[in-house]
Amino acid sequence: QTPVTVALDWTLNTNHVGIIAARDRGLYEEAGLTVEVLPFSDTSSAALVAAGAADFGYLSALAFLSAKAGGADLTALWATMQHETGRLVYNLDNTEIKRPADLSGRTYAGFGSAWEAALIGTMIRHDGGQPEWETVTLGTGAYEALASGAVDFTLEVATWEGVNGRLLGRRQGSFRYQDYGVPDQHNGYIATRAGVLRERPEIVKAFMEATKAGYDWAADHPEEAADLLLKAGDFARPELVHASMQAIIDGGWLRDESGGIGLIRADRFEGMARFLYDSGVLKDQSGQALVWPGDLSGWYDQSWRD
Amino acid sequence: MLEIRDLTITAQGRSLVQDLSLQVPGQGITALLGPSGCGKTSVLKWLAGILPKGLRARGVLRLDGRDCAAPLPALAYQPQSDALFPWLTIAENAALGLRVGGLSAAEARARVLPLFAPFGLQGSEGAFPEALSGGMRQRAAFLRTMVQDSRYVLLDEPFSALDAVTRLRMQSWLLDRLAAHPRGVLLVTHDLQEAAALADRICVMMRSRLVTLPVDLPHSARSEAAMAPLREHLKSLLLEERLP
Amino acid sequence: MLEIRDLTITAQGRSLVQDLSLQVPGQGITALLGPSGCGKTSVLKWLAGILPKGLRARGVLRLDGRDCAAPLPALAYQPQSDALFPWLTIAENAALGLRVGGLSAAEARARVLPLFAPFGLQGSEGAFPEALSGGMRQRAAFLRTMVQDSRYVLLDEPFSALDAVTRLRMQSWLLDRLAAHPRGVLLVTHDLQEAAALADRICVMMRSRLVTLPVDLPHSARSEAAMAPLREHLKSLLLEERLP
Amino acid sequence: MSRMLSPLALFLLLFAVWEGYCRLSGVSELVLPGPLAVLHALYIHRDAIGVHALATVLVALPGFALSVSFAVLTSMLLHACPRAERAVLPVFVASQTIPLVALAPLMILWFGFGLLPKILLVILVTFLPVLLSLLSGYRQTPAAFTELLQSMGAGGFEIFRRATWPSARPAFFAGLRISATYAIVATIFAEYAGARQGIGIWILSAKNSFRADLVLAGVVVSALLTLTLLAVLRGIEVLTRPGRGGRGHA
Amino acid sequence: MSRMLSPLALFLLLFAVWEGYCRLSGVSELVLPGPLAVLHALYIHRDAIGVHALATVLVALPGFALSVSFAVLTSMLLHACPRAERAVLPVFVASQTIPLVALAPLMILWFGFGLLPKILLVILVTFLPVLLSLLSGYRQTPAAFTELLQSMGAGGFEIFRRATWPSARPAFFAGLRISATYAIVATIFAEYAGARQGIGIWILSAKNSFRADLVLAGVVVSALLTLTLLAVLRGIEVLTRPGRGGRGHA
């Protein structure tokens, strides 16, 4: 049995369901792996993988791209969601917000990464507003701050915080990024270091195939998958896990139009990378905007799939 | 007249001082003698209102016939250790009692400075205590006590660190000062010669009683030879006592 | 024979002791007298190798004719302040020098305890210093020094806090002890009577010179009356000096 | 016994005020749960939280012990060699000025998820108060004491052992108290940056599932652990106290 | 001048070792950039980082000043009333055992993103070392000094002013030094939990952009701010020192 560690991008949620399913249904064990899912911590999963503190990492799309642009030696192996799950949310009580242009001059609860500014700026500008707003960096506290009205808007994951807000009856509205000039993209990458890929391809293959089997099973058995997830972690509200699984299946996030799962498609991958580079948020050591590297095909690798 | 009646001091049940009664007239020097460890310092501390935590006292204190409680503002006290503050200069240390009494720094300084020369401390006004010899420190503490001009003065072995000549000089300064400004002095000393030379009455603390001897000779007539019999008498009283 | 040659001690350029030469024979008591603040303590500290930071010294120290440097293991020193450690009991304080000298706690204790009775400290073995009177503390410090059995002993006013009778008792203890175990003692004192009663030679520190007076009378013959002329002579020497 | 009554009463009063506020103001449980709710949560999850508490203790204790040993050794070296003190102390002080929030994740990246980075963080946080207290305690040693020992022919270490260290004892325990207060908190902090178990992990996941009651239950456990450590230190101090030597002396 | 040389030399040596390690081991810039890279990043971003530094200072300084004033006042009250000390001190100590990582986000929730929660956090972190040092300093006052003043008829405050406070001076500055070391770091911590600007925000976004060089540039700025504060305190201590009274006395 080979020990393998996986770092998560956020506290355990339905995005990770395939990994938990593969672990708790013994798929990893069958593949000769002992997988440890590291608890979510203050250290980003991209950094943990890049530094070798974890073998695999579940990364949000933006964390992956930022790390790549920063020079991290990462390769994406998997994309959980076939479309962008992120949205901009605001309180409906805030009647002055009707459209992204109305966000101008308001307060945003952020997560402390450069691309958020590009995203929000693009949406406001695309909608004809002045791209000026105030950012309060709150991280995981963002959603409580929005709920209490301390800030005007933030970004959420539709299949998690979005479902949660609905269950709690929070009156919240949202704008989809892709409706306001931001390209659609995958979300939720599983990545590893290029070095691991080179030196231990058989481990990568074994891990990813079991993971894929886990997501496949979860897509087919959302109710049971939710129960499995509930056993694996502390969840304040069990109904959120069930509702979120249901939303993922209903929304067709996991399987693409042709029924494929975990696929990385060149156009969506490049589209978002291009957006990041063009918006100038990525800087090099001397503070210059990064130049488009051209070919991105080396940034992801799905050769482990047969 | 300062009067102690039936003072008993105990430490953890053991009594250090037993039913002591003592009177300190408002004029002249009352010397308090006794073997080392017999409780002289403890009596003075009680009078000054600063008996240490471990000790318990029972007794009555009367000032001019009226009961009162220590600490009396009418008292100035010189402890057996000099207790000079290391962060104050000698002049500031000497002025401490006056400052506490409410004088301004300048007034206190003006009152203190003239005494430095007669005390042999000229030049040390701005020095800190650690730069002074033991005898100099003791004189600074004596200065601090005497300048306070209180009605009563409690002195705990004020000259123990002084050489014979400096001691004589300080003794005669004290007598002159008292002649000019009469006050009541309670002087603890272990030096029989000093007691004989200075005191108007001598109290010897013995285990079970207090012996009081009046000394009526004028100070000028107290030569070493003239006082020899008194000294011998005191010595025999002290010899009677054995330390516990 | 312990010998100081041409010792000069200065503080910030001002010289406290100037070209002092002094000999302490390996037997008997050498008394060192001088007005308060003349530098006696400083000389002793220099001998003990612990001159304070602010002071500078130049001079030669010879032991039995050979140059050597302070601190000498052959010296035991009793400072003017008692320097009892507040966290040690009196018995432990008294045993400190022996412990530093390498004795085990039990051995040191066995050597120290028999002295508590003659020093009038019986019952205080297990007490902490703060529960002792000034005179008791001084005797504890004296005990600590004397029990070390070093070839030379430096005593800085060891009896200044003792009453006349206790002082006599300690003095005669010292003489008996020296008769049994001869050692060289350098005794700083300000008490002329004490110097006259104990010393085999008396050195008076004066501003520009050191006056040495041998005392040849046997100790038993030194009555107060017999020593009166010597005391008067010493007094007149001290009177010559004016403090700076 | 009665010495513990007044702080207990004050604690109860504070808790009562807090509970009262929660009930009367109608503030949401999500934002500020009352103490009863917190205790209830603590009781329900006692087993799970116990496992995490143990993990925290198993980091904090060795870290603290190492830190104190290291501080005592360093203080002795620096005391013996004042020149080294002048060179090294600023570096130690500078080490305290590094924000842990920045350092902790880097430590995890450098040293992984094991014990090492966490123990290093605990040492980093708790080391300096003990060292500084010791050095300042050493400096308060009355010159008369060291001089006396010197005159007895005592060597540097003998002087240290017999005068300097006992003089620094009150300062040492004061420093220990400050450090002990931070030992558990620093461990929790280190766990936050990356750990498998521990009160830090508990609090983090409670926070992320919006369970303020569980967060505060973790806080209560952390406080209890620290107070226990402080009580043990206090016990050691009292038991090893030589007579009544704690007082200053003129 | 020459007193600063040896620590400077040691710092340079440490930096050289660090740079050498980075070059020779070939460790990734993402994980551990060398000091030259960090200084370069600091230089390039000096304007942006300066704005953040200012924001941090504007929280840390008022917080620290309030904390010290509060600690001095409290210490005087507790000194005057030992019974209150016994009741209140455990509560203060318990307040230190609350893990900031848990408290900071809650504070932001309760008090918003303004100055208040950050200043409260700074006070929470820096208050106790000063208070404890003062109280222990007060206790070191030689009994002979207070007794003398008592015999002079001095009242409680007069005794405090003339004997207790001067005796506690060295302990006070020792406590100040410990607290000052934490003031900036605590502010950064508070910013981490929620703020508009500040070194904490700088470090957080640098971390999220995988720029270890910018993270460490923030760390360097934080260290410099703290060392400046310490130097200022040192200056105050030396300037207000009465004679050479710092020594112990037997």
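For this structure, a couple of remarks:
Just so it is clear, A, B, C, D and E label the chains in written order, and each chain counts residues from 1 on its own.
Going forward, a contact is a pair of C-beta atoms (placed from the backbone, for glycine too) under 8 Å apart; a residue touches a chain by one contact, two chains touch by 3 or more.
All values reported here derive from a predicted model rather than from experimental measurement.
Touching chain A and chain E together: D. Distance from the centre of chain C peaks at A, each centre being the average of the chain's Cα atoms.
If each chain is reduced to the centroid of its CA atoms, chain B and chain D end up 50 Å from each other. Computed from the mean C-alpha positions, the centre of chain A lies at a distance of 86 Å from the centre of chain B. Chain centres here are Cα averages; for chain B and chain E they lie 49 Å apart. Among all residues of chain B, those that touch two or more other chains are 52, 81, 83, 130.
Shown for chain D are the residues in touch with two or more other chains, namely 31, 101, 105, 109-110, 142-145, 192, 204, 207, 247, 249-250.
With touch defined as above, residues shared between interfaces to two or more other chains in chain A number as follows: 44, 47, 51, 140, 144, 148. Remark: chain E residues 3, 6-7, 9-11, 14, 31-32, 83, 86-91, 93-94, 96-103, 105-106, 109-110, 128-129, 132-133, 136, 139-145, 167, 170-171, 174, 177-178, 181-182, 184-185, 188-189, 192, 199-200, 203-204, 207, 212, 215-216, 218-219, 222-223, 225-227, 230, 246-250 touch chain D in the complex. By the touch rule above, chain D contacts chain C in their complex via residues 142-145, 147-154, 158, 162-163, 166, 169, 242-245, 247, 249. On chain B, the positions that touch chain E within their shared complex are 45, 48-50, 52, 71, 73, 75-77, 79, 81, 83, 85-89, 96-97, 99-101, 128, 130, 148.
Of all the residues in chain A, the ones that touch chain D in their complex are 5, 10-12, 36, 38-44, 47-48, 51, 53, 140, 143-144, 147-148, 233-236.
Chain contact summary for the complex, chain E toward chain A: residues 28-31, 37, 40-41, 44-45, 105, 108-109, 112-113, 191, 193-196, 201, 204-205, 207-211, 213.
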